[in-house]
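By letter and in written order, the chains are A, B, C, D, E and F; residue numbering begins at 1 in each of them.
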Amino acid sequence: MEGTRRTSTHYERELQDIKQNLLYSGALTEKAIENVTASLLDRSSDLARQVIEGDAEIDRLDTEIEEQCIRLLALRQPIARDLRFITTAIKINGHLERIGDMAVNIAERVLALNEVPQLKPYIDLPRMAEIARSMIRGSLDAFVREECELANRVRRMDSEIDTLNEQIFRELLTFMLEDARTIHRALLIMQVSKNLERIADHAKGIADMVVYMVTGINVRHQWPGEDHDDVCRTRREEG
Amino acid sequence: MEGTRRTSTHYERELQDIKQNLLYSGALTEKAIENVTASLLDRSSDLARQVIEGDAEIDRLDTEIEEQCIRLLALRQPIARDLRFITTAIKINGHLERIGDMAVNIAERVLALNEVPQLKPYIDLPRMAEIARSMIRGSLDAFVREECELANRVRRMDSEIDTLNEQIFRELLTFMLEDARTIHRALLIMQVSKNLERIADHAKGIADMVVYMVTGINVRHQWPGEDHDDVCRTRREEG
Amino acid sequence: MTRKLKEILIRRIFFLFACVSILILGLIVTFLFREGIPIFRVVSVKEFLLGSEWYPTFDPPAFGIWPLIVGSFIVTSFSTLIAVPLGVLSAVYISEIAPRPVKEIAKPVIELLAGLPSVVLGFFGMVVLAPWLQDTFDLPTGLNIVNASLMLALMAIPTISSIAEDALYAVPREFKEASYALGATKSETILKVIVPSALSGISTAVILGMARAIGETMVVLMVAGGAAAIPESLFDSVRPMPASIAAEMGEAPFRSDHYHALFATGIVLFLLTLAFNLIADYVSHKFRETGSGTL
Amino acid sequence: MALQTSMRWRYFKEGVFFGLVRLSAFLLTAALGGLLLYIFVNGLGVLSWDFLTLPPTDSMTKGGIMPAILGTLYLTTGAILVALPLGIVSAVYLTEYAKQGPLVRVIRVGVNCLAGVPSIVFGLFGLGLFVVFLQFGSCILSGALTLGILILPTIIGASEEALKAVPQTFREASLALGVSKWQTIVRIVLPNALPGILTGSILGIGRAAGETAPVMFTAAAFYTAKLPSSIFDEVMALPFHIYVLATAGTHIEATRPIQFGTILVLVGLVLGVDLIAIVIRSTMRKRKRW
Amino acid sequence: MEDNRVIKTKDVNFFYGKFRALTDISMDFEKHRVTALIGPSGCGKSTLLRLLNRMNDLIDGTHVEGEVLFEGKNIYAPDVDPVEVRRRIGMVFQKPNPFPKSIFDNITYGPKLAGLGDRIELEALVEQSLRQAVLWDEVKDILGQSAMMLSGGQQQRLCIARALAMKPDVLLMDEPTSALDPISTAKIEELIQDLKKDYTIIIVTHNMQQAARISDMTGFFYLGKLIEYSATEKIFTRPDIKQTEDYITGRFG
Amino acid sequence: MEDNRVIKTKDVNFFYGKFRALTDISMDFEKHRVTALIGPSGCGKSTLLRLLNRMNDLIDGTHVEGEVLFEGKNIYAPDVDPVEVRRRIGMVFQKPNPFPKSIFDNITYGPKLAGLGDRIELEALVEQSLRQAVLWDEVKDILGQSAMMLSGGQQQRLCIARALAMKPDVLLMDEPTSALDPISTAKIEELIQDLKKDYTIIIVTHNMQQAARISDMTGFFYLGKLIEYSATEKIFTRPDIKQTEDYITGRFG
């Protein structure tokens, strides 16, 4: 039976379309994070506005992908692997859309921050952004390549972000307590940090779904530490 | 053909099970919000801890409902009304689970707030909580009764919450600027407010899905003002 | 348009050909009556049918064919009594019980035997059975009802068996499976499901077998003995209608009363078999319409 | 326990029934097999080349049966020439063209009735129409026509069955390809029905060859040494020859061997022809898969 | 846009004797689309299909009211030759029904009778049709063998190739996979989706999922009436009529 | 828990002449469950089913190796009467096959042969069986009429009632809806799900969706082997074997 898989059917092409759209949406969100980080560092309001405007495309893709998925559910009635793919796609799509929204949130804060002098040089924020971005990329790579191990690695990265966020929060709190004039700016930066942390959460959510897609096991309410090592090994023999 | 619908089939009973579970989960989240609000007002850490512990049940339901939905997708291959119901259920389930998480977030802030003296009497927060709770209830009622109008009303309530949140934010900012000692508490209260606002967002998300379920029209990226009046009228003749 | 025209033309021509059968049937009736009716100027219909004296060559002749009718009826009945159980049971054997190799040979052989010329059976009855009967039962002649019935039965059995086997074979396998699945034994399945389901086909087989027997000429001509009297025992000779016609036509002067009387006998025979066939037709039709569902 | 005895009772009944069935099968085989064997054994000794090729001599007590064989062949060939075209065309009309209606029902009933008419009545009819009315006299033509009419219903029936056995889907497929009805019949229906039609016809030939009664009045000569020169000549026929030898001859006992030989030839001829038909049919059935 | 509607039915009523099997059917069938007709047994979907190439002519005692326009011309007009109509509108049936001839002869049957005699042209046509029906690779070496030796699924694809060899504009399919196993069914479904770039396909199916999988437009019939006719996606996600929804979700009867 | 497994097959091999149609099948069938057997045509699923109540005995030239244990006893042991086995293990076939008798006589056929003669008992049995098969309301006034007059779906439910009248422990079903329209199919599927509280049901189906809808356990067969056997939910969401997944997702062959 191996090797006799037919040249791609219309159905498989439709599944591929969804995958392509998801990857496109993922690329857009990655780009949005990259841009919004750059706008923060360079204090570029234009770039920030670009991110805000760019979200319309992510929203459009969100709608389109969801329609594609429901269309496929209605017309093709996928099961097993295909069903796991579709449900995963729906979830990933939701996460990406939320990530887009977070990027917009950040961009709005950046616009406000650009109105006032810079509080301090950003060191941890770009690191957070970079990690978040690589989590998105990693989870989507895992999705494309159906690699459980990679997804698991992404899931473990989330704690790094949480640590950074907490660090930033404490640092900003110190600023605020020391100088009331920094409060407004510190709050804005806090929100940026919080949003990045949530982006990472969503990236982890994507990775959770990839684990589900590949193994059929639901790890959403299970922390990466718990027994993630086993998850990927329970996968059946392929073929 | 009217009136000849058969007595509930096994399939319909399975659909009903999902509905029941969702309503149960909805009730739990409502209760969580109620409790967490009470814990805030009464400064009751016990109640707050109860909310945190209670989330496990909501998480369990989340997993169970999602499994039920995927099971149904795999085994019953729903279409049309049933498919819209299932996709709606999956989304609502996700929203409820997030709402539960937000309640836990709030409860954690409440525990922190209970460690320190009360900043000010809470007036707007309980109002926000009440609105959020009634949005959840309203959206789930709309779901059960498949009432588009009701869902639309819920969708419009979201702006009230946004206004309140902004109001609270500004008020707290004033406190912080005036007295650096309030900063820590104000930040906590801000987070409570922000979480309530996000709960309301999720409630609106549920209402969006109900509109979709009843009408088949996707209103997620469309604000209630835009042309919500028409949405419910496009619904076809029933029978 | 030419294609349409051509189609219509072909259709018309074919229709004319199809009408030939009707034409022939009409001609048969016409000529039977044309040559037969004149006898009724000599005797009445009632006398002809019910008269018990058949002395066409006497002077004055007697044209009562009642003994002939009785003869036909008796040999047909007895042959049916012998042929039906044997034919149907052997059909059951072939279609349900016989091992596959036997089945594959038996079926065409039976069909072959259905085509055995009747003169052969008549000959056999004359040459073999008659002397044996005569010796064994100490009879004046072996050419009698028993001999004719046996030979007619032997002639009819392959027909009955073959058609009945077709009917049994046509019983859907699903019926058999259903019966077995309900815990029935093989014989129960045969008797309660297969045979009842094939009943319409079997009854057609029986009626056709009888029709063949009643119209059969050579066997009765050669072995029935030819006595134109109402028989008193099974070992008496009889002279069934076809035998009478076949035997006497050669000697009857052209367009004589005797000649006309034989044609009239032909009419009776014709009407009788016609009735038989219509009944058979009706029976098989009725069964078909109700989907053999009224058993 | 009660159930067990009941099973035993059921199996006992089964045994009785199967015994009965086997017995009848045995009886039938014994009777018909014995008959054939008897004829074969008694007839085989008579068969010789002379027997088949010489005319009878010495008031039919000696010599062969060649005229009778030839006569039978002439008669059956004639019958087929009459019945085959008529029968096939009628069957095509009935299955392919006829719409349900009173006229068609009349035709159908007519064919059915014709099939049931006793052969002796055909004889009378042939006598009345061909011999007397049309004044052909007793000759090959009259006999062949009579026999042709006799086997017409058989051929119509067989052809109809063969035509009906051609799946309706073939016709639909052809028509759906934009092929006219006539072409569909010629290209698809008839070729596929042909084996069935042939089988039916050959069985008809067998029947015609074995028939005695109809030829008695219409064609068969008691004795004629000369071979027919035209279709208006009388001929001898095998079945009639047997009948004559066995019943009407003056030397019935003396001609016994000739009778057996003739019987054997007739049986061989008829069953041989039938066998051909059956072989054709079974190979056709094996080959076709619809 | 007028051009896009290859077949239009206008208020078509169809009667078996006095029984009205179809009531006021007005439907447009678009070019290069797969249109599926669904509905419970006896809803008239097959009747409508057979009416589109006048296959219903073969049944005694039926008559049609209304118009069936094929490329603007009513195929029930008295001057129209149904043979010509059927040549332009091909049909594939429920059970695979190849003729008991060779594969080659099956495909050339129609074209030959339509007057195509050139051997080379015929060979090219056979290859082309078989390729279109995705059967060429499987049978190219056994073109002379009987079509009856093919499997059921191959036979049905052969029937499709045979219909394609007539170069029709429209292909009618009457439950073309109901006699096939799931794997053959999947192949035919793929094929149908491939074919729609060149042909207009109208398919009757009692398998709703099949309609969902392969069709662009779906018409739902009930009791001889066209209840709802719309894009397949719409029918299967948010039909306008409750009867349709009840039927496709299995809440019917 | 041993008790729960009504039928067990142990290394069963089945041969048509020299062709091995089933290879080393070891399967347990649990009480009050619906077990579906799926797989492509010729995979052996129907063969296995017919082997479970010795219906394969009726085919010449076959033989079985291994054991089929019904309530712990090998039904292929020499002292076992197949008639008895079939009484305990009922069967419903692909095509509805009521006898051409009245509805009443159809249902009482088996019980009467088994010795039940009392008219009142028989009547009660008929009502009970028909009610179980959800057919009583439709036929209670026409029990004397021929079963052939019922619709296909009703006939099939009658066949189920007929099987139930024997009060079997196990009900084997061989593609019981493949000859029915979707509405009748839905009714039979509901019925099967109702029946599992009283009977153990083993069903062969080539409709995978049907297996998904109605069964608790599913076994996937390919080339006479049992490839995967597990809870239906698992098979349809995350099968362990790739062949299974390829088959159910239509990526096969």
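Everything that follows uses one rule, which is that contacts are C-beta pairs under 8 Å (C-beta built on N, C-alpha and C of every residue); 3 or more make two chains touch, one makes a residue touch a chain.
Worth saying up front: this structure is predicted, and the values here are computed from it rather than measured.
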Fewest touching-chain hops separating chain A from chain D: 2
Superposing rotation of chain E relative to chain F, computed on C-alpha atoms, to nearest 5°: 180
Contact pairs, highest-scoring chain pair: C-D
Whole-Å gap between the CA centroids of chain C and chain D: 15
Whole-Å gap between the CA centroids of chain C and chain F: 48
Between chain C and chain B, distance of the C-alpha-averaged centres to the nearest whole Å: 90
Multi-chain contact residues (two or more partners), chain E: 83, 186, 208-209, 212, 236-237, 250, 252-253
Chain C: positions in contact with at least two other chains: 3, 185, 188
Chain D, residues touching no fewer than two other chains: 10, 180
Pairs of chains found to touch, sorted by chain label: A-B, A-E, A-F, B-E, B-F, C-D, C-E, C-F, D-E, D-F, E-F
In the complex with chain A, residue positions of chain F that touch it: 208-209, 212, 235-246, 248-253
Chain F-facing residues of chain B, complex: 6, 9-11, 70-71, 74-77
List of chain E residues in touch with chain A within their complex: 186, 190, 193, 209, 212-213, 232-233, 236-237
Complex interface listing, chain B residues touching chain A: 59-60, 62-63, 66-67, 70, 73-74, 77-80, 83, 87, 90, 94, 173, 176-177, 180, 183-184, 187, 190, 218, 220-221
Residue numbers on chain F that touch chain C, as the complex places them: 53, 55, 58, 60, 83-84, 86-87, 90-91, 93, 95, 97-101, 109-110, 113-114, 146-149, 159, 162-163, 166
